[in-house]
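Look at the two complexes coming up: chain A is in both, with chain B in one and chain C in the other.
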Partner chain A sequence: MSPEAAAALRKPRRRHLAQRLAQGLLRAMDQAQASESLAAGDGWLQGLDPRSKLIGALALIVSVVLTHSLAVVVGLFALALLLAWRSQLLAAGVCQRLWLSVLLFSGTIALPALVLVPGRALWQLPLPGWAVSEQGLRSAALLIARAETSSTLALLLIVSTPWTHVLKAMRCLGAPLVLVAILGMTHRYLFVLAQTAAQLFEARRSRIVAPMNGAQQRALATSAAGVVLSKAFWLSNEVHLAMISRGYRGEVRLLDDFHAHARDWLALLGALSVPLLILWGER
Partner chain B sequence: MSDCVFELSHVSYAYPQQPALDDLSLRIQRGERIALLGANGSGKSTLLRLLDALYFPGQGELKAFGELLSEAALADDEVNFAFRRRVGLVFQNPDVQLFNPTVFDEVAFGPLQLGWSSDEILRRVDAILARFAIGHLKHRAAHRLSGGEKKRVALASVLVIDPEVLLLDEPTAALDPESQGEVVRFLIESRHTGRTIVTATHDLDIVEDIADFVYVLADGKVVGAGAPAEILADQALLRQTHLAHAHWHVAADGSAHAHVHAHRHQHARPIDGDSPEK
Partner chain C sequence: MHIPDGYLSPATCAAAYAITAPFWYVAFKRVERLLHTRMVPLLAVFSAFSFVIMMFNLPLPGGTTGHAVGVAVAAIVLGPSASMVAISIALLIQAVFFGDGGITTYAANCFNMAVVGSLVAYWSYVLIAGQAALESPRRVVAAAIAGYLALNVAALLTAIEFGVQPLLFHDVAGTPLYAPYPLSIAIPAMMIGHLSIAGVAELAISGGLIAYLQRSNPELLACSMPSAAAARAKVANSTRRFWYGLAGLMLASPLGLLAAGTAWGEWGVDDFSSAEARHEMLQASGGIAPPEVVPSGLERLASVWSAPIPDYAPAFLHDLYVGYVVSAVMGAGLIVLLLLLISTLVGRKQSPEC
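For the complex of A and B:
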């Protein structure tokens, strides 16, 4: 064995980019499967009619966007927490993962507001000497709270409702057929393509004998993405033929077997009253 | 009513880069069980797609149920509806065919497109799921099914409309032996239904079970036709079309030679009411 190869073997091994990508794709598929089992649970939200849930979630998200009061947003976040708890979604850990990602993303966007928004100075940052204003702090807090609350409400809808029911509810509420059909098939074929990509990365990894540098790893990932895209193109043509073969003529038809009960109407009424109350209160 | 389901006269079809079918002529009668035998790339799948009016001949004429099958004819909703109601194609790759989020949606897709009533759809879907013993998978997502389960769902999704003609593209490909056995059993049982079945395959082991007549394809042409026993006995034809089934025998000195043959089973007694094989 050459000294270089021996040194490469002695070095602490970082996980290969292909390996990380393959594992990431497989983990995403596992999480999607886990969320399907959550939707089949017997929690409070799972028992509601998907149409009520869809309209209710939209009404509450609109409320979060409409209000300028941090206290109201925090109140709506508390409501989302209560719904998640009553629907056994808090223990599953899906909310916690979302909160961290949204905090990092919206926090990065909100950070400059601390020093850019003029107002009463609260304290001075030591190195550049910029002042953090009270108004800036409130703006940043409102932005983060809105992002966290809206995404939590959207997540509650998705994890408490089978994706097919979300699509059917969208169609029942007048969403365009093409949009619903595209969303349905995208969800289905994401798994096929993710599986293909994961297998492709594993196959590549099994044939890599020498350590690869960063550029080589990136080239490998890019070429794999190209292969997956070309497979996606082939698959889309084949799927279209399979649909035509079974009578598809451009119009997607769905069975509407939803049944709204009294508690669905109550939940809907409650959710719709929130934005109206906010509009009335903040006149 | 004409007994001829499909009639192809001098049909040719080419993909942008390569020809697929070349001057092909054949007839398929009502109730026949046909095997399209050929190696990979021989044109079997293309022919099935022509029979299902997904592709149309570049040259020649294709008639279905006595009527000319063309893109212009299928543009008419009524003609299209009638044709799709009578002909069903099971694709080789079930991932292509299972495009709906759940098994129930998948099986209900065809009937929904054909405009059946909700009650009728629910009744038919439940019946076909029970027929294939996949009722427990009803609300399962397609990507969570095994290969054998996907194939059964694909079959159910086509058979739910009870088509007169069933086209199958490599139905046993990439299946484990048990799942292969289930598909073959279904095809054997189908001979009593009077349904016309056209199966594209290169699996010589199943040909005698699933077909009464065989067309052998090579390079987009029909190079042989006859009863399964005749075709399987024609070693020269099987070798020429790369279909010869070979076992390798290793001699004591380590050299290997191919032992080419077809599997044939002869029963001394009638089985399930059949007449004994000659």
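For the complex of A and C:
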């Protein structure tokens, strides 16, 4: 075996751009479909009225941003964990994936704050001799805890409520009708376009016989985006004609058929009391 | 660039909602009037497209990758109003459904990317592309620059929003309660990545998509190419507004006198020997004392050029405020003359080809 061939064998094979893009799109679609199936499950949150859940989630997220206390943020995170556990969402692994990605993102941003935020030095880092400040540590912890807690609360809403119900709840709470209709259609056609793009990349990958350089890969991604754009316009025309043929004249109607029960009101009351308590406690 | 929850204070988030809401309202009404029954399907499908395009990771020179927002393409193909609405909807789905960007920070994200991004992209594209034909390579360059500018302006706004947090929101011990870095760190940290990676991705996808549309579907580009008469009227209107704005700025230039002390880093040789100026330097530099003697490089280079009107105070005028206004008029006039000279020279050079 020649040294070049041996080196090629030792070198881990990088996936092709078309393959990476196709897999990324398919993974996102799979995750979205998994959320829909979780929303149909039999948990505590799944049984709540979507309007209570939407207002409650917003109230809790606002509470996370309002409070200046790390202990309160950690308490709200514990509440989110409890809700996830009672709604059988922890076992599904969706929360764990989110926590890891938020930790990686916010952690990378927050880490330098340990030494860059001036304040009382807690300890000295051995090699560069930088001092970790108490203020920096607290600031980084607040940032990460807030990001983790608020994203978990948003996730709980989405994985416990079908998207159509979230939209109906938005409408019940006064969101403009046209906005709700656009959001509903966007969600539907997002999967159509993502699937089109994934199929396009898969078809391209099956016809590639040699590695592509950077410029060729960029050309591939750009032309794929162009095809998706052209298809998006064609699709919007088709959908528009179909809507007109069914009698659409610019008026959107939705069926609002939610019924709140006692426990929905209790959950809502509990969620709304959190930001009020924070405002009262941190006066 | 998608700001998550917890990075901005509630006051900043509320201000962002208050600032963005009128843009949403006007854009929505304008789109509704223009598109009527076409609005719902067109915006829905284009929002879905914007969302999908954000998932395309482009390989960039240097071995890294970056993804585009697609704001320039949206602004060029749909116009700025529809682009604002479409990108806002894509951002809402990203925030709520995929957890990319926060819910409390949604308006700030929309202001940066959807509102300012669309306006910067559209107007820079229209200005650079001018009256070039739909198939002209100039339009590809214009779209690429528009994408690059739009993304970087949006990134700069994001950095400013981050950077003001520790100045305004901290506890008694000095702990930043939201984004922890001041402007001096937030702006370079944000801009280095966007100027070198994300902006290049936006540049590549914007230019590449417009080149693709020129070949396959050029009529989609007609939206951002107004008729010659309308373009002339628009240019005349915007030029008039520019002159009014410039005049207003000139008259407002004495406001600079209200600022206490000197600008950071703009100290002269004399300031090192003045106790008052040294105290200002100390305060402005976070407690770091200036050197006892004038730095040798500064001393050597300070005498290389003597400004004809030092400190914006012409010698023939004794009133400080009038001196400021006269300096502003002279400075702006010199720049306009220089630009006229350059445009005349370039115009002469290009005329034989026309």
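The rule is simple: the second predicted complex is superposed on the first by the 264 of 283 C-alpha atoms of A that agree within 3 Å, B and C clash if a C-alpha of one lies under 4 Å from a C-alpha of the other, contacts with A are read in each partner's own complex, and residues count from 1 in each chain.
Everything that follows uses one rule, which is that a contact is a pair of C-beta atoms (placed from the backbone, for glycine too) under 8 Å apart; a residue touches a chain by one contact, two chains touch by 3 or more.
Since this is a predicted model, take the numbers as computed values, not measurements.
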item	value
Room on chain A for both chain B and chain C (clash or fit)	fit
Touched partner set for A:S223, first chain B, second chain C, both or neither	second
Partner chain in contact with A:Y248 - chain B first, chain C second, else both or neither	both
Which of chain B and chain C A:H187 touches, first, second, both or neither	both
Touched partner set for A:E36, first chain B, second chain C, both or neither	first
Chain B versus chain C as contact partner of A:L100, first or second or both or neither	neither
Greater chain A contact set [chain C / chain B]	C
Which of chain B and chain C A:L167 touches, first, second, both or neither	first
Which superposed partner A:A140 touches (first chain B, second chain C, both, neither)	second
Which superposed partner A:L122 touches (first chain B, second chain C, both, neither)	neither
Angle, in degrees and to the nearest 10, that opens at chain A between the C-alpha centres of chain B and chain C	100
Superposed arrangement (fit on chain A Cα atoms) - minimum chain B/chain C Cα distance in Å	9
Shared chain A surface residues [contacts with chain B and with chain C]	163, 184-185, 187-189, 192, 235, 239, 243-244, 248-249
List of chain A residues in touch with chain B within their complex	29, 33, 36, 40, 162-164, 167, 184-185, 187-189, 191-192, 195, 235, 238-239, 241-249, 253-257
Touching residues (chain side chain A, partner chain C) in the complex	17, 20-21, 24-25, 28, 32, 35, 58, 61-62, 64-66, 68, 98, 102, 105-106, 110, 112-113, 116-120, 134-136, 138-140, 142-143, 145-147, 149-151, 154-155, 157-158, 163, 166, 176, 178-179, 181-190, 192-194, 197, 214, 217-219, 221-230, 232-233, 235-237, 239-240, 243-244, 248-250, 252
Touching residues on chain B, where the partner in the complex is chain A	49, 52, 54, 77, 80-81, 84-85, 88-89, 91, 93, 95-102, 105, 108-110, 112-115, 118, 121-122, 139, 141-144, 157-158, 161
Partner chain A, residues of chain C touching it in the complex	4-10, 13, 28, 32, 36-49, 51-53, 55-61, 70, 73, 77, 85, 89-90, 92-93, 95-99, 102-104, 166, 171, 173-181, 185, 204-205, 208-209, 211-213, 216-217, 220, 286
